[in-house]
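In what follows, structures are represented as structure tokens.
Common to both upcoming complexes is chain A, partnered first by chain B, then by chain C.
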Partner chain A sequence: MTRDEIFEKVQQTLVDALGVDDDEVTPEATLSGDLGAESIDYLDIVFRLEKNFGIKIPRGELFPENLSTGDGGFVKDGVVTPEGVAELKKRMPHADVDSFAADPKVENIQELFTVNMIVKFLEKKLS
Partner chain B sequence: MRWIWIDRFLEFESGKRAVAVKNVTLAEEHLHDHIPGFAVMPGSLMIEGMAQTGGILLGEKNAFRHIVILAKVPKMTFHGYVVPGDSIHYAATLTDERPEGGSVEVRATVGETLVAEGEIMFAHIAQNDPQFGNINQKNFVFNSGLMGVFEVGKA
Partner chain C sequence: MRFDGRVALVTGGSRGIGRAIVESLAAEGAKVAFVYASNASAAEELVKSIESSGGTVLGIQADVRKKADADRAVDQVVETFGKIDILVNNAGIVRDTLVATMPEEKWRDVIETNLNSVYNFCHAVMRPMMSARYGRIVNMSSVAARMSNQGQAAYAASKGGIESFTKCLAVEVAKRGITVNAVAPGFIVTDMTEAVRSAAEDKILKEIPTKRLGQTSDIANAVLFLADEKTSYITGDVITVDGGLTLGGL
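Presenting the complex of A and B:
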């Protein structure tokens, strides 16, 4: 499956899961900020991706949980530490962590969750 | 009044499918307000009935170890309305199930007529969840308390 084909299917998945218009689902769109996804929507998206692509996505693989909580020393004063950035890279190889690292505020973590991130995840998963 | 929007299970195939019946009667207060002079079963309460049918289906699969809550109605289409005297059959099919939650496809029919169809998603909440764990479970719909309805179905 080509990247464009994956994108089209992801686009349709997000239209169904979030009730948005297809032209809103651009590669750069963030799931929470731009498309209005709430916590339960992430589970809905996983269910739909599994169905639409015929794959299994283990818990936390696409959307890692507890990224900014816990006391792993990953967050200090509202900023993700270099150790935390390294952990993000490890857990989210499909996300653009390098751009995030330029301004690693905790509230910017959600900007890692883009349409493109899902496409990249699936590209790897399907290959 | 009790927050129970199904009367009895007609079919229950553990982990797969359940069908419950809801008999609509003018004894229900809300029908006199919805709508005055033209009693119709509110769509929201039909969604609740479908969610109870599907929620018990999901909860029972895991022996009610999780608190199951209605999390999202991704899709629901109403094709007609339901009036007093009608018996609605709510059929729920479990389509997804995993530790975080599950989802069902639902259909509501009166006789041969399809009145509503859609999807409902549930989230699992742990008994020890700091946010929800101490909530009185009587306030939650899809727990074993509702199995009373199930027992009626067995009788």
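Presenting the complex of A and C:
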């Protein structure tokens, strides 16, 4: 499956899961900020991706949980520490953590969850 | 009929209130699966009775306390009937004992059977219901959740937990076309209340404004109302079906 084909399928999945228009689902769109996804939506997106791509996505693999609430010293004064950034890179190799690291405020973590991140994750998963 | 094309799963479905719910849903056209713990003969008898009336029914033996059993039961319903529209978490037990003399096993048994089972089955139906963007979940509470009956700490705690769980889950899945509500029965004529009734029926009747004990059909009616497709704007609510018992009138 080519990257374009994966994107089109992800786009349709997000249109169905979030009730958004397909032209809103651009590669750069963030799931929460741009597409209005709430926490339960992330679960629904995983269910639909599994069905549409015929794969299994173990819990936490695509959307890691408790990224900012762990007790691993990854967050200090509302900012993700260098150790936390390293952990993010480890847990989310499909995300653009380098861009996030430029301004690593906890509230910016949501911006890691983009349409492109899902496409990259699936590219690797399907290869 | 009202539930034509709908698929329902009822836990604790072979006897008492659960049986009345299974029969009512089947009579209204739903394909109904029910979970029973151990009474195979009661389950078989119920299956025969519904099938002889032209209904579609499936009995599933499962231990509602076990997550794996709940997952298996829901999978079986989806494999057999293609989907699941309605879940009624009705399975429940009473083990009334004063806290001071309550062995740990009794506490755990009540919480696991009454409360944990609700999590087990609700969690199991999330995937099919969320994918379908449709679901009706009805959890069985009890007026005991709001009364302070001696000896009922475990039962009341389990039912109070169910009501809180119901409200939280309702908010979580509201956007997905899934409603989650509870029914809180008062004194209903079943095997479960037989001991209390035989000891204090007259006293109980004095407390009930309608001057009668409830029948299982009274509860089934409320459950079917909440399970109806048309009841789409009620969620996170608890309908009390107790003949006015908890109104506190004189």
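Operating definition for what follows: the second predicted complex is superposed on the first by the 127 of 127 C-alpha atoms of A that agree within 3 Å, B and C clash if a C-alpha of one lies under 4 Å from a C-alpha of the other, contacts with A are read in each partner's own complex, and residues count from 1 in each chain.
As a convention for this text, a contact is a pair of C-beta atoms (placed from the backbone, for glycine too) under 8 Å apart; a residue touches a chain by one contact, two chains touch by 3 or more.
Keep in mind the model is a prediction, meaning the values are calculated, not measured.
Participant: Looking at the combined model built on chain A, do chain B and chain C fit side by side or clash?
Facilitator: clash
Participant: Quick check for you: in the superposed arrangement, does A:Ile40 touch first (chain B), second (chain C), both or neither?
Facilitator: It touches chain B and chain C both.
Participant: Given the touch rule stated above, what does A:Ala102 touch, chain B (first), chain C (second), both, or neither?
Facilitator: neither
Participant: If we overlay the two complexes on their shared chain A, which of chain B and chain C does A:Arg59 touch? Say first, second, both or neither.
Facilitator: first
Participant: Please determine whether it is chain B or chain C that touches the greater number of chain A residues.
Facilitator: Looking at chain A, the partner in contact with more of its residues is B.
Participant: Could you name the one stretch of chain C listed in 94-102, 148-156, 202-210 or 220-228 that collides with chain B in the superposition?
Facilitator: Stretch flagged for C-alpha clashes with chain B: 220-228.
Participant: I'd like to check the shared interface: which positions of chain A are touched by both chain B and chain C across the two complexes?
Facilitator: 40, 43-44, 47, 51
Participant: If you look only at chain A, which of its residues touch chain B in the complex?
Facilitator: 16-17, 19, 40-41, 43-44, 47, 50-51, 59
Participant: Enumerate the contact residues on chain B facing chain A in the complex.
Facilitator: 71-72, 74-75, 95-96, 98-101, 103, 121, 123
Participant: Tell me, which parts of chain C touch chain A in their complex?
Facilitator: 126-127, 130-131, 172-173, 175-176
Participant: Which residues of chain A touch chain C in the complex?
Facilitator: Within the complex, chain A contacts chain C at residues 38, 40, 43-44, 47-48, 51.
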